[in-house]
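Down below are the structures I want you to see.
In the two complexes that follow, subunit A is the common piece, with subunit B as its partner first and subunit C second.
Now for the complex of A and B:
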């Protein structure tokens, strides 16, 4: 009886020791800031300088065309970049897991990781050097004589998408690789034996099999892209309005924190809604994708 | 019935070794042909060459009188059941079986009909919408076989399909597979390392060793009249002795056992006697029976498979003897001496 209760309390202490950091993190870093942001998004300053409850921040968003146009564009471009990331990352993941030797795959993986080591800011500046009017690519093309005038690549939607893809693509490669690694090659042979063409093998066997990896990769890429600030701001320039810039402006240009909070909340809502919709459409479950 | 599959002088070289060496055989239409060999003997390579997943280095595979040279796996009239079954986990049972038919672009109604017919044949009616992961080992087995059979192949290749099952289920599936093959009449080429699977199911068995066929024969002949030492040692239980020297019509083993064996081959250096070839308390007047005395060291009771472990008197040789489970020998105990005989034809020398 005695030893039993000792055991019980021993278990409790370990349990609390493990759970407390998690709870502290969740409450102070996630729950409180979001509740605070949620509350402050419904507050505006009245004529007396007091904070009062109001929908004005949200009404402002819907009444100003520029805000919700930026909002829709950000969401649409994020979906597009996610799809492009899949189109680029899937062959890479397939090559690394199923085609090349293990030794080669390790080396190529390191090459893929290098851009992550230097940080997003540096890679974004790298792209600016490459894509600028007097940048490496334009200079090379003019020297060869393919073009006479420099191509306008930097500060366009194109350069922004390139930057976003470059920064997020790896997060698609890795989860897809891990599901492909678990796939038995005999599945491909069995499909081949049953008369499947190459196209059938990709669309009916390999991609459906790696769907959990693709979905988790897509969620990560989408979240990174929709919430990114550097690439749209530096590579997209003034033409490429990104919703994070609107949030930034509310907080730090106009110092309207309540409006910024409302915008932040709207971004959280749309990204959650798009992920929910994508999971529903692809028939994937979040629990399965996470594992 | 003609020959459906002919393999002619087939070899497969890899960088530093030869997996298949000059293999030559043919299979009758509707037959059950097994290739028996331990792992690494080249049997899987041979099967993959027939299926078209690997290219032969020399020789030829002929199906229905037609050379398969350069024909890709999806165009060959063969289907394969993989060792690990390779069922598609993201599809249900019906979709798995329908996969090949859909690739043939058959009409939905026809596919449906064939899938149901096949499910019935393998005893899985009503399982169409089950997930593959919900099935037991034996059921998965049947789905894999159904998925290949529904394609109506000329030859069904099976790569140790029972390997992953537990013993009891394997015994059961063995019989089931044999009956299924008889019923549908498709030619089966079956590879296995389990001699009992090969012997029970096959019309013809090829014993493969080190990339070569040692012997192609009916199961009964393989067991009764092995042509090489490897076959004698590999198929069935046996007692093996190394021959030390010969004196006239007698043979002396390394353990010092002297056997009177007329007309033995001069070149032989190994001797094989099956446990069940030994006769307990033989009649003294029997012709051609070599007789000797043994001392029982242990009784290895295993139901109908019970054996006596004995020492041959006057020597150092151990000898396993099958003990029939009839009341006649109930009184036998450890330490007893026993007269034993063996028909000289049942002593195989190589």
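Now for the complex of A and C:
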């Protein structure tokens, strides 16, 4: 769509009215902060108290086993949780778009959106209440006599993964639903008439068709999980260190902001790299993820 | 397997059970929180000791209810007002961005659009620390040069607003863009050919068409702000938002008052979601 006759005057006031606020947003809130973070990550305080250029923050990261081990573990767990989120969420997205009635689907969508809107803190707290040693689940299991001693569920990798899945899987359901909505039912009917098994229909027709939604969902889930702090911090145990916790420690406990900036930059690099790889493998564009 | 096809009863029952388990998993934590908000106990656990409203109204030292706890009330007010300003700012800029990227052609458009989408794939922690670093060094620079200390450049209320705006605007842009794609451009062209200026055409024709999306985006921006913690935690000054306040309470001293606050949040959000459902139905 071209702009209109105003173009001929050479000064299109509407265009500037639109672009100036957007430029202020993007330059001051996105571009400059990231450049600043990148620069800070190469600064350390010398003996005189001046900031000097150095690779020390990055050397610290690679020489301390705990840092890079946490880094690798965080990335690996995030990929794992993303895959789990797909397995759990896909049948639900399919159910809501193709199986149940429209009216039911509307009601179930509301149930889906409530935990999303309530916010992560409240839901993580809910899992603490459920999974604790004296929590609801242990209490119920002991009361009905299945176990005698409370199961140790809270503050383990298990509870952390439950929390991460819980807060992220809805972001898989929604994009998959929007691609499935545009899928013509007759594709599935035709396959069924021709005698395809259910497994074949899922793996050869439905899943390939919904790949754009799956990719969008996977990228958002992955980003939320790798950047999450609450679930690892409140639900994870001593062994469930998450890389974001290292960043929080650098900023809010040891006040070594430059080291924190280096960690932040590394986190940004690994998440961008994995997202880029996912986009390449699936032949998608970032522009599509938003829609 | 779909509405129009018959399938074996084993398959249907299995699928039904899975969906049921999924929604149980989804609602379990919320139900547990809400029920325990009324338990007459000083600890957040079962057994059930009877019904009480102490965690909402009691003024005793041992049990201080939500509506009596001034700190909690203050953080709720902070969250509400932060959410309001974030929603106003990001709705404005996000809508302008949607119009810009949908209706205008200019150099570097692809790059700018990429930057506008970036907050979708940048972890909130990174936005928080990068904005904190930038604001602090700008603040220090201004203080060294002009000798004035500007509060905006320190962790403070307005820095939180800006930090949350930085990503909320992206979501607004996407929601408004989705509606704008359905807009019949000839309406705008008709206005232009009737001698409206471009600005008038946008204001009187395009914006009214976008109104439902803009209102929806405003609500989404508010909710994003109200529940955010990852970005906020770095930018917070002396007045905590509700999630920050709850977070520090959970870490140091949990009492069922946390359940009572969570109950209020869950009820408010559920009411909003149900209203949203009925509004959508009556629109169809």
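Here is the rule we go by: the second predicted complex is superposed on the first by the 268 of 291 C-alpha atoms of A that agree within 3 Å, B and C clash if a C-alpha of one lies under 4 Å from a C-alpha of the other, contacts with A are read in each partner's own complex, and residues count from 1 in each chain.
In the analysis below, a contact is a pair of C-beta atoms (placed from the backbone, for glycine too) under 8 Å apart; a residue touches a chain by one contact, two chains touch by 3 or more.
Keep in mind that what you see is a predicted model, and the values were worked out from it rather than measured.
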{"item": "Combined model on subunit A where subunit B meets subunit C, clash or fit", "value": "fit"}
{"item": "Contacts of A:273 with subunit B and subunit C, given as first, second, both or neither", "value": "neither"}
{"item": "First (subunit B), second (subunit C), both or neither touched by A:147", "value": "neither"}
{"item": "First (subunit B), second (subunit C), both or neither touched by A:184", "value": "first"}
{"item": "Touching partner for A:192 - first (subunit B), second (subunit C), both, neither", "value": "both"}
{"item": "Most subunit A residues touched (candidates subunit B, subunit C)", "value": "C"}
{"item": "Subunit B versus subunit C as contact partner of A:22, first or second or both or neither", "value": "second"}
{"item": "Partner chain(s) touched by A:72 [first = subunit B, second = subunit C, both, neither]", "value": "neither"}
{"item": "Contacts of A:204 with subunit B and subunit C, given as first, second, both or neither", "value": "first"}
{"item": "After the two structures are overlaid on chain A, angle v-u-w for subunit B, subunit A, subunit C in degrees (C-alpha centres, nearest 10)", "value": "90"}
{"item": "Which of subunit B and subunit C A:52 touches, first, second, both or neither", "value": "neither"}
{"item": "Overlay on chain A, subunit C to subunit B nearest C-alpha distance, Å", "value": "7"}
{"item": "Common ground on subunit A, meaning residues reached by subunit C in one complex and by subunit B in the other", "value": "189, 192"}
{"item": "Interface residues, subunit A side, partner subunit B - complex", "value": "184, 186-187, 189-197, 200, 204-205, 208-209, 211"}
{"item": "Of subunit A, residues touching subunit C in the complex", "value": "1-6, 12-15, 17-19, 21-23, 25-26, 29-34, 36-37, 40, 88, 91-92, 95, 98-99, 101, 106-115, 117-123, 125-130, 132, 134-136, 139-140, 166, 185, 188-189, 192, 198, 201, 219-220, 223-224, 226-230, 234, 244, 247-248, 251-252, 257, 260-261, 264, 267-268, 271-272, 275, 286-287, 289-291"}
{"item": "Residue numbers on subunit C that touch subunit A, as the complex places them", "value": "1-5, 7, 11, 15, 18-19, 22-23, 25-30, 32-33, 36, 43-47, 92-93, 96-97, 99-100, 102-106, 112-127, 129-134, 137, 162, 165-166, 169-170, 174, 177-178, 185, 192, 197-199, 202, 223, 226-230, 233-234, 243, 246-247, 250-251, 258-259, 262, 265-266, 269-270, 272-274, 276-277, 280-281"}
{"item": "Touching residues (chain side subunit B, partner subunit A) in the complex", "value": "51, 53, 72-74, 79-80, 82-84, 86, 88-90, 99-100, 103-104, 147-148, 151"}
